[in-house]
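So, here's a batch of structures to check.
Two complexes are shown next, each including chain A; its partner changes from chain B in the first to chain C in the second.
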Partner chain A sequence: MSTIRPRTKIKPPKKQDKTEKDFNTTWETLSNAIDEIFKRNSSKLSYEQLYRAQYVLVLWRMGAQLYDKTADKLRDVLSAIIKTRIMPLMSSSTDSSLFLQEILTVANEFSIAVRMISDIMIYCDRVYSKEARRPIISDMGLYMLRTYVLSVPEVQRYLFNCLLSQINEIRRGRSIDLHAFNAMIQFMQSLTVTSITPGGATQVSSYYEDEFEPEVVRASADYYSTIKDTLLQKHDASVYFAELDSTFKQEERDVFKLLAESTHPQLIATQDQIFFQENLEDVFNFSPVGLQHIISLFDYTSARLAYQFAGRVDLDRVSFKQHLYNAVYAECDSYKSVLVDPLPLVDDGTARTKVKTQETTHKAFIWIQKLVTYKRKLETLLEASFDNSNDVQATIDEAFISVINSTRRAPEFVSLYLDDGIRRSDKLPKEELSNIIETGLSMFKYLKDADLFQTYYQKHLAKRLLNQRVLTEADELLILKLKDLQGVTYAHSMLKMCDDVLISEVNKADFEKYQASNSMANGFSLSPLLLREPFWPTYLLDMTKREQIRFPDEVKELMERFEQFYRNEHDGRVLNWVAGLGSGEISTIINGRTYDIIAPTFGMVILLQFNDIEEDGYLTIDELEERTNIGQEDLSKHLLSMILPPRTRILRKEPMNSTISGTDRVFLNREFVSKQRKIRVALVTPKSGAKSNNEMAMNQAETEEEHENTLSKVNNARELAVDAAIIRVMKANKSMHHTALVMEVIRQLTRHFEPDVIIIKKRVEVLIDKDYLERSCEDASVYQYKA
Partner chain B sequence: RFDFDNAMNAFLTDKTMSDQKQDKIIIEETFRKYSSDKEMDIDGIIAFISDLGLNVEDPIVLALSYCIKSSKIGAINKDEFVKGMLEIHCKTIDDLKHYLETVIKPNFTSTEDDSFFKEVYRFTFGFVKVGVQRALPLDTAVDYWRLLLVDRFQLTESWIEFSETQLKKDVSKDTWNMLYEFLKEYSSIEDLKSYDATAAWPSTIDKYVSYVLSEE
Partner chain C sequence: MQQHVTLVSSDGFEFIVSTEAASVSGTLKASLSDNFIESDTRKIVLDNMTGELLEKVCDYLMYNYKYSKYPNAELPEFEIPPEIALQLYVAADYLNV
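Take a look at the complex of A and B:
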């Protein structure tokens, strides 16, 4: 907007003629002087005379005419300059920098001249311009320059083409006359106009901002669009991002510095608009190389660019995160096939048997391992490409959570994974063990059914403790971590189980001292584990409690001695022997070689029966049952373990077959030979006929039936937990709306499992029925606690 | 023992305690027409009801039982009877007949305000339930739903069919009470499409809705 007002001629009514005449002569003087100035003959001029001339004119109230005439004069001068100096250069044959130079020279000369004129017109500026609110003469001169040179359409068009083509040269990697270009940009910036906004604020805008900037943004948009069209045709997100990255870098390095800073954000916005706003989603979806593909390849560079670019148009990166989620979910989901598909055969013969017997366990292990490996890789990706963003981490976690929890048996598998690590803990390097614990725990954190994990962990821990008889550092560490994560109650039984093992150790030493001091050794030794029943998985103690087996006298004597010792120490405690969980070690000489046979307690008891049998004597099955009081099923299991597998064929049977009947005769196998001194008897499980190390030794995945069983037990515990939570909440609130109650109960329980709304509803009904709660008379959806 | 309710009644009805005693004697006389015992047995009840001009099968009998504070079906306790009658200011069969016509019937059959009817419905659960069992046997429940609800709510038959063929389970008090609210709120199968299973309805009703909608 221009501040030059339309010419208003203020003409005093009197002395009009005379003044008119006087104006012309006086103006004549000034006009001639201006001509001289433009001819660079200013030295001839008398400053005093000229000053007086303009002074007089202003005094005569002829400032407006003076001002207008001066403006006309300047315009004429500029028109002449265009014709003589600029137009001739506007042809394709002229070097564009020559053209720029000439404009700058013209502008410079003109500015000097205008400054001189304004020096003369100082009184006009101070009195007239101020009064009439018109720009001072020097500003008016610049305005003239802007209007009658740079804004003349053909000049402007030529000038801009000139500048834009130079930018294009730069974009093509060629060099230009930077000096002329920069000077031109600066000059355009210096041509400012001041305008008043409708709000009343003063706004200064330059020719650069008003005229050139929109042009350069438009031209850049065209340039970017061309690039985009080419890139889109390649259907490759990786290429798209890489090319853009280099384009952006080049723009910033070469082009941005040519332009005013105010232009940079506009160009960046243009880039965002053209490359991302409309297309990013399409680019992410490119097939085959879209975002998911990039992530699955762990292409750090492309992934980083995708992350950066997504952030340019959406700070929350919603679409980016969705693709990431899908990629992670799909990858994790594909691992499920290892749980279903048959395992590949392992070349090593021994491994193959192992694989066969523990198929599910092994599959579970592979499954977790795959997840863990993938998670580690994602962590590297997160660091390398996604700035370790918490937000992105949360997306990855979400994908893991939903995949893992969609696998029904995940809690059991995670516990098995940890079990495997802990069992091998003395053979593993420290870092690897802590790695296993770390990853196991990170998988644990993804589980929604923490209570189910607790059940399995307890079960597996029990077996480890019973088998190894020591508390490993790894278990201790893990339990403490679980305690930190889930609270004291969660780890309570586990801690108590560990205590039992530690106390048993101390107790064993005391017992030995006791025996030594009373000289009661009989060639047998006993190291009982003292388990406090409430803390150990019930099935362990249940399974064997009913067995009242008859121990050989020597063992029995020892047991009684222990009971006596224990009673002395802890009066009033009840001891029950759970024979099925222990094992015994027997030294014997067969064929002149000494062997240490380690067998489950039942096996040991069976072997001991042969102590008082002559060299080639035998015992029938019935006799064995009678002597030991071991039930049929267990008896045959333990006998077969020492009859069938060649490595532990300590006994033989007539007839030699794999069934047990009452009249079968059992002999010690005099032919037994083994390279090893230590013979470990593994229990034959009649179902598969395959061997496992020892009933107590190895934790394995449950069969489907066992799993259902565990689930139903856990479900019962859950009902109790829901009941307790409802009562707790209602007791605190007295009266509560159904929805609020359900939400609060869920909130309190989610750390242990994800309660189902339907279950909560059912428990509420049960509690209403049992008169703990009632519905409010006013609103049946509000419950009241009945004290 | 100071009986606040009686004292309040006496005050409000401007009757002295001796008046009340008089009333009590008359009520006991009424009771004795049907039973010489402390409890009126089933024959006495049948006579009593027919003297009132009612049929035993009439649902209004339940409303009457509610009003005279009878605690269980098949017997009327004298003390309860006296207390109940005093409360509604009836002494004789004629009083009661009058009360039945002017108060019970209009309230029980009112289409604008079902609060009395609802109270009678809720009362019925405890009234017809025998023994210490918390739940009402399904066949009993069905009989009374037929008696009370079929004419009132459109979905009653469908509910009864569901409970007999699918649920086959005794009815808890909560289900009994909430069923009334449910049938009142949802009057057609079309309505059930907007049913929210996470709301406070008992799960038996959730099952009914999902059954009906899956049958659709």
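Take a look at the complex of A and C:
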């Protein structure tokens, strides 16, 4: 600050013009100037004069009047413009883009003028508008434009019709004047109003949002509805989805970009509302082409669309999943028909059963294979159409689980399927084998009765191991996988069975060394499988059925020698021979050719009987029975296997028929010819005749009777498992409420089978009777463990 | 764009300043940028200011223009003769500086 010298006189501000404070005269100047500006004659005007004019008016405190007059002036100008320039264009004969352009031109010219006016009125804005809290002049100008041009009802109606019909042109695939259209949309967006919400916050909304957007959404809704109505009449979900997909794409490509981004979600919501909210369920149910049909055809594209569209209205896709479930269930369920016996029933004892068994086995394969194929296809579908969604996968699994478990014999069939794969493992390419194992296991995972599968698998494994006599990689792999899935106990016996086979191999080598070192060779060799009884299916090693057949001396000698050898190695172990499970190989010369005959042990014993019979001698059936001590039934079974099938006709019989009676005479067949050196004798049951060359090697499906048998065995095992679980739980908890106990027992057992609540209840009763548990004195539904 | 503009006082004094310096005043800037006669003639008549006042105004426009380029420089004091302080204040309001 400069120092103020005391004598200096401060001059007063220069007095304003002497002119009277006359508003009208001054306003006149300004009003005329505004007219000139609109006539684009601004360059003749002196800014300074006009500025001073509004300056003095504001100084005179006439700002309000000035402001209002200016507003009036602008309004009048706009009304005149509408009459002279816009109304004449509002007729159907005028091109709509001309109309749009004219509005834009008017708006543009008006904006320029308003900007100049607001530049003049800057002092008014600075002082009056601010003080009176009114919009500055330029905003007021925009408001005028919005109110007195675009919001004039006739103009607005015509304008919107114009824009909407252009959108429709686009929808019909025709082109429009994009430039004018886009400029119009931008212009509408630029016309904003600031309002203050009741909450006190300021809210800026544009003419586009307030007026045009609702219109465009409504018009689009109409358009969508028309499409929907046409599509619904076609009753074809696939068409419905495809058409919608292309409609949506077109909308997004052509229409959305015409409109502001704020409109897009609204249009999408409208689409959802119209196409899916009410109708999707109906569309899924269309007949014949509904969602289930699409899935059954593996129509990836339609399925994908259905999945996407379902997700638009329901993130959980409940209805979609229900249909998918139904489709998968129906398809899987239809496979059951292959299991139903198509042959007419013949009332014929054993042979009939036999054929049926083979057929059932075959059908089981087909059934599993169909399921597996279907599942693979579904996996492709899942990947191609359903984004690999876990949720959808779960739905598919559910459908499989309920179909498979509604098939009574599924556990057996799955086991047969795996058995077949592993049996062929040395002939299959590695990938295919692992594929079989994977799919077989995936079927296994669907099984609720894991214990039943266990029973069957053990049985099939046992038979396979006895036949192969070696352990294949595939077998080991599969058992390890089962172990991973179900725990050590589950695979325990299977692992031990495998161990037995491995140990036997080592043992065989040791025995051979032992024989060599003691020079005991007699032209025969023996390689026993050492099976530990507890781990093998009981029916195989059943003591009561153990045949006491008479072996030829050479064989007997060998067996005794082995027993001796084995006792040397492992003192105190009991050896029992189960002849029925083995087989023998004999080298012989017939018709000058050497053949290696491989026959079941019994067959071998029978053939050996002919060693000491002269060239054309014979043995009667009775003699054979006496010599071998093989029972009638087994004897005839094995004899017929070497008499009836032409490929293994090593013996012949007089009279030549398929029944065996005591006085029939059996000869060696001197005319036997075969191209192969190795001849494998397969067991044949009378009358079944053909088939089953490798029956010994094949695991067959059980007959109904056998199946019932297995079931009841498994049920017994289950009771034990339930007992064990109850005791385990009670021991840990000492005292427990009935419901809690049942739930815990179920939880512990579900991995192996689906425990039945009734059975659990029954077993609890039994255990109470047996004094393991007692009911609590206070509450009868609480059990207590009795130590 | 012309480089200079002439400011004319009520008593006929003319001051030539650069357009940029004149633009320090919102009012002067607006008068030059829109399509009014001043943008053509490059002459602005300020009828309500004496030469004495306008000289000081021009001083200030230059002062402001010069130092606005160096926002961090230390500002020398701008001398205002007390006699015309009030008038200057009104002028500042009028010119929007």
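Simple rule for what comes next: the second predicted complex is superposed on the first by the 676 of 787 C-alpha atoms of A that agree within 3 Å, B and C clash if a C-alpha of one lies under 4 Å from a C-alpha of the other, contacts with A are read in each partner's own complex, and residues count from 1 in each chain.
In the analysis below, contacts are C-beta pairs under 8 Å (C-beta built on N, C-alpha and C of every residue); 3 or more make two chains touch, one makes a residue touch a chain.
In this text, all values refer to a predicted model and were calculated from it rather than measured experimentally.
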**Complete:** Per residue count on chain A, the busier partner among chain B and chain C is C
**Request:** Using the touch definition from the top, say if A:Tyr51 reaches chain B (first), chain C (second), both or neither.
**Result:** second
**Prompt:** Which of the two partners, first being chain B and second being chain C, lies in contact with A:Ile768: first, second, both, or neither?
**Reply:** first
**Request:** Would you check which partner chain A:Met116 touches, where first means chain B only, second means chain C only, and both and neither mean what they say?
**Result:** second
**Message:** If we overlay the two complexes on their shared chain A, which of chain B and chain C does A:Ile589 touch? Say first, second, both or neither.
**Reply:** neither
**Request:** Pick one for A:Cys777: touches chain B only (first), chain C only (second), both, or neither.
**Result:** neither
**Asked** Given the touch rule stated above, what does A:Arg126 touch, chain B (first), chain C (second), both, or neither?
**Response** second
**Prompt:** Just chain B (first), just chain C (second), both, or neither: which does A:Ser42 touch?
**Reply:** second
**Item:** Overlap of chain C and chain B interfaces on chain A (superposed complexes)
**Value:** none
**Request:** Using the touch definition up top, name the residues of chain A that touch chain C in the complex.
**Result:** 2, 4-5, 8-14, 16-17, 42-48, 50-52, 55, 115-116, 119-120, 122-123, 126
**Item:** In the complex, chain B residues that touch chain A
**Value:** 134-135, 172-175, 177-178, 181, 197-200, 202-203, 206
**Message:** For the complex, give me every residue of chain C touching chain A.
**Reply:** 26-27, 30-31, 33-40, 44-50, 53, 77, 79-87, 89-90, 94, 96
**Item:** In the complex with chain B, residue positions of chain A that touch it
**Value:** 738-739, 742, 757-758, 761-762, 765, 768-769, 775, 780-781, 783
